[in-house]
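Take a look at these structures.
You will see two complexes here that share chain A, one where it goes with chain B and one where it goes with chain C.
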Partner chain A sequence: MASSEHLDLLLKEAEQQVADFGDDSAEIIQHLRDLGYLSQLPFNVINKESTYQKALEEFEYDLIQSKLFSDNAINSLRALYSEDLAEEMLRKLMDLDEGIALRKLPEMGELSLSSRILHYRLLMYGLYNFDATRAFGFVSVNAIQSLKHYLALQNGLDAVNALANKEGVLKRILSIYGKERCLMFIHIAKSAFNTLEFDPKKLRSARDFYNHLSTDFDFKPRYLAGFKRDILPRKSKDVKWEYVKGRSTDELTNFIIKVLQVHQWMDGFYDGKTDGEIGSVSLNSIADLLKFYNAASKNELNLDSVLYYIGDGYFVFNALSLIKRYVIEQVPETMDEELIKKLTIQSGRLKESEKRTFEDNLSKVLSSAKIELSQDQQKQKMGVGKRIYFGIRSFLKKLFRIGKRLVKTILHHLKKIFNQLKDFFKRVLEYGKRALKSFIQGIKYIIGRLPIVSEFDRKVALSHSEFMGDTLSIFDNELSIEGIHQHKRKVREVQRSSQFSVAIVGEVLKLLKFMIKGFVGWPILILQLAKATRVLYQKHQLIYQQ
Partner chain B sequence: MGFALIFTPSAKVLIINGLTLRELTMADLKKAFENLKSNIADKVNDAVSLDVVTFSGNFNIKVGDVIGNDQNKFDLEKVLNSMKADVNAELNVVAYSTIKLDGDQVNIVKENLSSEQMELVKFHREMIEASQNSRKAIVDMIKGLV
Partner chain C sequence: MAGTTGESTSKKAIQDFLDNAKDGVKNLTTLEIKTIVGAIEFEKDGSLKPPSGDLEGIVSKVQLVSGDITTRITPNFGKNYAQLMEYHLVKENQGQEIVRKNLQVVKEIGTTLVSLLNNDDKLNEDT
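Here is the complex of A and B:
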């Protein structure tokens, strides 16, 4: 088989696989709903496609009017994504991980894309209770005032823009209020205890809780001794109930919990409202998060190490322990390379029987992930139901943490963490599809299969670049200057787009080097594709800065 | 059906999903990659010059014929042959440039340019710059592979 035939086969297969991913509109529908371009009501099946397209067009119109991005940036991104431009820009604008900065606060009475995004951010952090289509007004101003107060910022625009970086918000809280604010006192009605996935009475290990507390917090011994005496005494009557109750209703605690809920939600562990109240949903999500990470970590963190039941429905929660390990963790810059090498080694060491089990398990979790992805668009209400997006930085962090033991996790712990793994693979599939599309575009460019053809008043222009840049252009004699300009713009766009794609191809070809060395499978390919998406993303940052 | 490229117990890479495509074994894959690498290297070595050419003329191309339903089928030679077959087709070189690796550059530009052809020469200049950028991007990509 000639190499070009291999390439053809790979290309054809890659295109087929993009088609096999199926409908990925759930995430976009959710964003359109959150910004008020689509109704929160379920789609009328008959008008589904036209309603969706109309909403996207309306968003794209507002995007261009908003001037949130320069014309150059929009043109470059249009070249890269062509018909997927609106979707990509929606993702970027709705990002609370590495989101964009608004240029100014809206005027009173303004209803624009900026006001919608501002309201969306305030709503997600539980500071605003109306929908995004409400014009900017006194309620918005009050919400911004509260935010400025919590984040100790003078400028409202800075405060709103801070919300686009959820990790930054937590860091800021830690720097302003100190670690002790991450010790949270929570009250849950006893009637809600039957909805907890664990038994609160088992969370009474004062020693375990105290040990973690003294490791995580560099409190003075005097403070720790006081805490032990007042909050963790042997007898319930010795607890300083007044202090516990006061802290559990304090406003700042409420806001910090909202911030944590945003983190939990974006990481796929929380599907309740961002209301600042830790209820059974929040506590269960903390338990789920620990379960998920424990399956992928040698140093397990047990629930009773971070959550202590004081009694009478009151708990004390050591949020710092979670924040330090999972939220603000530092990962090396070269995490993708390290991860892929580790996965290759792990895969190579599996016995034949283990390989079969691995394949079966993987197949089950993937089928479920794909089915659920297609069903997600049925879930819609704001703050209720799982959102299906989180930023690329969060995704890569999570990938790194669980990826280190991904093969073993799938092989041995599948039942235990099936739901979390399924959610994780949903993200992998989404990123994989986007990266795969870029890969196909790049391969086509490299093998000279991206002719650029324009037609203007029935006169044609054609340009074609060969592998190493040799270029041929043919213009109809009667093509007008306007037609020539139109063709020129099209060529420029494709060339810019191709340079991005070539970078993606480079990343995927590096993977092939690994593949031919031994036994590796698609989990690694798809992780590599996700990494390739990051390369694309980094190049985007340059566009946004234009 | 799940996403493809799964492995079989016999450690072959199988390109799947109920498609009629045949199996790609690891050996095939290895060969494809090596061939691709060597083809790329050969082309880079052979590419001592960069050629950019811009024509104008009277001809008939149906856009649908060029793009078709499947861009993979695009074949520039076929397009040029179809022009040859058109007895009325007449192509003139507006500009031709060849740039050697050592930086020497030869440019040929048609005389007595109309205003439209002047625009084509401007377009041609842009294509030279873009072609050089494309070449650089590919060379950078290859550097990352070796």
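Here is the complex of A and C:
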């Protein structure tokens, strides 16, 4: 496999694209802070890099000690992610959508990666108010007790692991408590009304609210008749105020709101604290969510269909309407691939003038995503540290609902979905970047420019493997045994990851079809590449599991 | 990336890749694994000089068709560098497996690329 000037050009282009990604450590910094490996304080600019690396190394050490993954699994994952192993595992462990199950609860007094993750999950669901670095203790046990109670589970470990699947938590709440509990009674001080992005007094259409409610409840007249009589009467004096006030302060309502806040946060609409109290931030985020859904659907849902102002600062919120969208809507397992496929096919069918606008709009979102990835997220909003959600599935599910209208929406209504699209790209770009890095390694391997050099006490070893198997290794005659071992390890790692990189090259070369047709630029190519990488990762994991 | 120039460049890149792959596979009859020990020094620009002085080492040639393996080894290599002897034998065993895997990859890439060159009009159908 001799080198080719055209592969060289492709290589240069890919290297430039990787360089354009710049620093994208914001997500990892947030995770390291959440687990207590980094201080919550903003970085000192001078030693940012070393502080960050040290925290990452500490995490990786704890990861191996934790035995959350077998040694075999870690080796296989290392081959897959190479030098990005710690970052990738951090992402997996912090996921509250398809998170990883802990094997056992920590012992009393234990401070480990497991105890940190457990505390993080409890904190995110508003059940624990301390630092993740606090050892597992009575406060943790009490929080788990509350969780077991809310989720009606006997086993604490099951309850903690349930939190790693936020949809599962909602499904469980629905099955235990029924739809009636999803009507939330909320109190907001009238003094906070001026922070609302809508006028509460306009949320007085009992008819609209009731009609929508009956659809969500699949027409259960008995319960709804009572609700209409007691909560939506014509005259305020006929409201059952005692019931409204009681429901607005009960613990279960508080917990369900916390769960909804986690969903809102992961959908990119809420960045406040998960405190179970619906304040103006939460209500505004509901209004934003509806705007997003309306951009995606012809059947518009107005705020007054799901939120009703009873009076005296009290609202009733039909959370079932949101929960149904979160839980009941079916989306395919391969939605990310489907989504990117839709984007590619539909954008390919646009008229010339539309294509340019589409590309420009997509580039704007991509640039914004890159900038956000490179920023240290330490902003404050409403007195609460702003926490950005970086996971992918939640965003994908939401974007998937837009379906066929996605390209048109990007073309004509970019503003309405800008933030959600940006959040989606942030995660996809991560795959894109890694795919490009693998691609570069794969091409270098194929054209014979991937020498592996190790240096130990100023003595070196060099190995070079040709794509078709020929191998040359040269060792300095004074290299120590330790140096030899170090080099052997390095060769093993590079060779394993090269196999994966070569497969990526195959996928990238398949993408040449887009270049031949000449209808797409880098935004779509990177998305395609990201898609291909995800598929290859899955294949790769299967190979190593055999 | 897009447009006419991109189109011809990409087609040339595909053709180059296929030609190189064909040549590579045609010449693929022997696998050579070399492990050498010697004094390694650097050039002024930081690049490595070829090893000099007394060299020791082991070279294996694997005939891929017959499976015959020929090994040449300097007299003291096994005694002085047992660690590297073991490393070399591992490489020798891995060599054939690597060839098998990479041939599979070349076949997959080649099949896709040939279909692209032959079937330009249907390029975006499977996207």
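Simple rule for what comes next: the second predicted complex is superposed on the first by the 339 of 546 C-alpha atoms of A that agree within 3 Å, B and C clash if a C-alpha of one lies under 4 Å from a C-alpha of the other, contacts with A are read in each partner's own complex, and residues count from 1 in each chain.
Quick note on the criterion: contacts are C-beta pairs under 8 Å (C-beta built on N, C-alpha and C of every residue); 3 or more make two chains touch, one makes a residue touch a chain.
On a predicted model such as this, the values are computed, not experimentally measured, just so you know.
Asks: Pick one for A:K228: touches chain B only (first), chain C only (second), both, or neither.
Replies: It touches nothing on chain B or chain C.
Asks: Can A:K370 be said to touch chain B (first), chain C (second), both, or neither?
Replies: Only chain B; A:K370 stays clear of chain C.
Asks: With the two structures laid over each other on chain A, which partner does A:K240 touch: chain B (first), chain C (second), both, or neither?
Replies: Neither: A:K240 stays clear of chain B and chain C.
Asks: Go through the superposed model and pick first if A:K488 touches only chain B, second if only chain C, both, or neither.
Replies: both
Asks: Which partner does A:H412 reach: the first (chain B), the second (chain C), both, or neither?
Replies: neither
Asks: Does the superposition put A:E455 against chain B (first), chain C (second), both, or neither?
Replies: In the superposition, A:E455 touches chain B alone.
Asks: Name the chain, either chain B or chain C, that contacts more residues of chain A.
Replies: Higher number of touched chain A residues: B.
Asks: Based on the superposed arrangement, let me know which partner A:E352 touches: chain B (first), chain C (second), both, or neither?
Replies: In the superposition, A:E352 contacts chain B only.
Asks: For A:S480, decide between first (touching chain B), second (touching chain C), both and neither.
Replies: first
Asks: So which positions on chain A get touched by both chain B and chain C?
Replies: Comparing the two interfaces on chain A, one with chain B and one with chain C, the shared residues are 1-2, 6-7, 9-10, 13, 453, 460, 462, 465, 467-478, 481, 484-485, 488, 495, 499, 502-503, 505-506, 509-510, 512-513, 515-516, 519-522, 525.
Asks: In the complex, go through chain A and note every residue touching chain C.
Replies: Of all residues in chain A, those touching chain C are 1-2, 4-7, 9-10, 13, 341, 344-345, 348, 453, 459-460, 462, 465, 467-478, 481, 484-485, 488, 495, 499, 502-503, 505-506, 509-510, 512-522, 525, 528.
Asks: Can you check the complex and tell me which residues of chain C touch chain A?
Replies: On the chain C side, the touching residues are 1-4, 6-7, 9-14, 16-17, 20-21, 23-24, 28, 31-40, 48, 51, 56, 81, 83-84, 87-88, 91, 94-96, 98-99, 101-102, 105, 108-109, 112-113, 116, 120, 123-124, 127.
Asks: In the complex formed with chain B, which residues of chain A make contact?
Replies: Listed in rising order, the residues are 1-3, 6-13, 16-17, 20-21, 352, 355-356, 359, 362-363, 366-367, 370, 429, 432, 444, 446, 448-451, 453, 455, 460, 462-465, 467-481, 484-485, 487-488, 491-492, 495, 498-499, 502-503, 505-506, 509-510, 512-513, 515-516, 519-522, 525-526.
Asks: Over in the complex, which chain B residues touch chain A? Could you list them?
Replies: Chain B reaches chain A through residues 1-7, 9, 11, 13, 15, 17, 19, 21, 24, 26, 28-33, 35-36, 39, 43-44, 47, 50-59, 61, 63, 66-67, 71-72, 74, 76, 79, 91, 94, 115-116, 119-120, 123-124, 126-127, 130-135, 137-138, 140-142, 144-145.
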